[in-house]
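Order of writing sets the chain letters: A, B and C. Residues in each chain are counted from 1.
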Amino acid sequence: MSNLLHVIGSKQFDKAALGELFLAAKEMEQLASQGGANHFGDKIMCSLFFEASTRTRFSFESAMHRLGGRVIGTENASQFSSAIKGETLEDTIRVVSSYCDLIVMRHTEVGAAQRAAAVSTVPIVNAGDGSGEHPTQALLDLFTIQKELGRIDGLHIVMIGDLTYGRTVHSLSYLLSNYQDVKISFIAPDNARIPVYVKQYLEEKGIVYEETPDLLKVAQTADVFYQTRIQKERFPSIDEYNKAAGKYIIDLPLLDQMRKEALILHPLPRAGEIHADVDADPRAAYFRQAQNGLFMRMAIIEKCLGV
Amino acid sequence: MSNLLHVIGSKQFDKAALGELFLAAKEMEQLASQGGANHFGDKIMCSLFFEASTRTRFSFESAMHRLGGRVIGTENASQFSSAIKGETLEDTIRVVSSYCDLIVMRHTEVGAAQRAAAVSTVPIVNAGDGSGEHPTQALLDLFTIQKELGRIDGLHIVMIGDLTYGRTVHSLSYLLSNYQDVKISFIAPDNARIPVYVKQYLEEKGIVYEETPDLLKVAQTADVFYQTRIQKERFPSIDEYNKAAGKYIIDLPLLDQMRKEALILHPLPRAGEIHADVDADPRAAYFRQAQNGLFMRMAIIEKCLGV
Amino acid sequence: MSNLLHVIGSKQFDKAALGELFLAAKEMEQLASQGGANHFGDKIMCSLFFEASTRTRFSFESAMHRLGGRVIGTENASQFSSAIKGETLEDTIRVVSSYCDLIVMRHTEVGAAQRAAAVSTVPIVNAGDGSGEHPTQALLDLFTIQKELGRIDGLHIVMIGDLTYGRTVHSLSYLLSNYQDVKISFIAPDNARIPVYVKQYLEEKGIVYEETPDLLKVAQTADVFYQTRIQKERFPSIDEYNKAAGKYIIDLPLLDQMRKEALILHPLPRAGEIHADVDADPRAAYFRQAQNGLFMRMAIIEKCLGV
């Protein structure tokens, strides 16, 4: 992998490609600290967000600007784009790809990025497709683990919260399957458990995992705690949401049980599932993780546009 | 016409001006293929969209970026601008024109661009004013015809679909009236026919036109088929819309009737009125047409800002 | 004050700081007339607008572009940001500040900018926090008075309209308290009078003020008329709004009463409280005032980012 054609799902990355991306992201961090670069002064990135995500959009747009590039975009295309006039995604992409050099796309439907890539004349980066995948989030998550703990092989990772609708959990699980001696514990409310197809993929790859209701039990030994928000907007009903919310919280008492070298991650935004008084602890890495998103996305953009 | 003051309606362009614009757009196409230019690094274009139009906005913003310029803008000003606080369009334009060097404006009301031009201190480009005009779309449509067929004089152009509310049809008709031996066939559902004032203008200019319900009859001889979407959002009722929709479709059987040198255009987005299996035919020029929009808008921006 | 850490409220500026800002804004005016500068090609400003304000946002974004900088932003974050997912403002700012070099922020809640500054790693500029403050508007208002009349000491300023919810009136009153022999007349409908806490602040600072219902009486002697819009959206009910609206209007008969050297200001947008036929009078300075916003905001950005 010297260059990337499209970034659609995390299964497209093998261990060598991930290593290359981590190296590139580290270089981007240094570049950003020196005021960025002017590699892409004549390139245009289009942020095509059919579903709003201010944070993810800012991260990509900032990355493009730090590389000297230009940005056009839409905050929330679903409300007012050609979509409401009955246009297909394929037609939209055919036209938009003639106006830019790279499309970063969030969509409400699983598989939308793949459909876009099939007709686009420029690289497509999937910034989330419904409850499908969110590969660049998983890449920055994994980059953060590598950067903070120095390795991924041999780690015990606990994933907590909305494991059914949490696409970052799925994408991160797929990425982790590239590494040796990794162990994953899935901890979720009964109506938000990890899907069968994710478990099947891990089994095929020989990854050891468990599903357990007992966060306290794994707290003392695990290396990484990947907490997620119970996503109200994706649950079928408010009843189902209420059953799931508030069950697994990271707070100071739990923190006391964790190893000194443990790492607490969260794709953000959070809504109470990590208490604010945890923030000051050096193991709370979620804001550093967010910043790593900038460097990883700079690396992805550079791989897509070519150097 | 070396420079443009404002671009308000298509009637402001004569044949010489159109020729100049086509030449400039061709130069822009070459410029864009070489990575664009840095002519306007210190210029700011404002995309002032009171009505959303992702495609048209992207096209203009991309054009400005390809010329090295800067962009500020609003995706959908009507929902949250000063307009809801009771401000007149004139006041908005007086203020906004002091923040930028060029305003590209879409508005819901006929005549809005003209009103804006009357008070603006910078050039105004009309990107659509209600059911009024959309001159830059007509310019790129005509540029596409010229580029694909090598001439405009003597052509037989068929305009199909929503001819009442379709402002691109009106604007294109006005532009065509500059050429010799042009013939226009208007084909529309009964409740979406070409307005009297368009026909009167063509008569004054000595342009031959007909209104006919029979698409099949003209299919075998016409040079250009300009298909348009029945615009649900502009019809007075869903009943009226349903009467108009689906009546005239371009599909493979119709394509079989057309001349080998015919050209199929559409301002896009489409919603079923050209079947997707037509796309692969070389006569299907609508995606090339969309890309020509970029080059034409680069030319228009350059004429407005001066070189 | 060589540089600014944050711009939160107008009370943070003393007379010396204001003098420095006025000087800087004058320099920016000259710079802008020469096509701007390229001071901040590697800097990113984030327009974080939780409440829409097209005019203010354009003014800041144009200012950043005129200084060569880059912009990311959101037009109306409240409708679709992480906020609706339950994220705290503090978390949002922690993340966003890792993606940019400066945050310009409008929020619906009083005190939001202060809370943001407490956790941000980059400068925060308050572009309005609910019915709290709007310091950069007050700075450009005062800059306009200084520029047009050559002084602020000794002036008689009349503030008219929505003095309860009009945060620009509060912010401007605080700034005026830095000057000598200033006199303020507050003229408001009964249900929109100047708050007690503003009056107390002026008393502490020894500023002479009066509340009077009689605009005609002060018209003949005052130096500056600062008219404001009755802000329908901030009144508790339509009844209360109707009681307040339309009571104090600046029209040609009133203009006839004013001194030849008087100055009419308005933060805009207006909705009838200054008649359009007043616009042509040289005393009508509100559009020049809007343009001064560009220069003042260029000065503020430069002070925040450092030169």
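By our rule, a contact is a pair of C-beta atoms (placed from the backbone, for glycine too) under 8 Å apart; a residue touches a chain by one contact, two chains touch by 3 or more.
Worth saying up front: this structure is predicted, and the values here are computed from it rather than measured.
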**OP:** Would you kindly state whether over half or under half of the residue numbers at the chain A/chain C interface are used by both copies, giving same or different?
**Re:** different
Original post:
So what angle, to the nearest 5 degrees, turns chain B so that its CA atoms land on those of chain C?
Top reply: 120
**OP:** Would you kindly tell me how far, in whole Å, the mean C-alpha position of chain C lies from that of chain A?
**Re:** 40
Subject >> Residues of chain A engaged with two or more neighbouring chains >> reply: 75
**OP:** Spell out the part of chain C that touches chain A in their complex, as residue ranges.
**Re:** 41-42, 44, 46, 70, 72, 74-75, 77, 79-82, 85-88, 90-92, 94-96, 98-100
**OP:** Provide the residue numbers of chain B that touch chain A in the complex, in ascending order.
**Re:** 35-36, 38, 52, 54-55, 58-59, 61-62, 65-66, 71, 75-76, 229, 231-233, 268-272, 276, 287, 290-291, 294
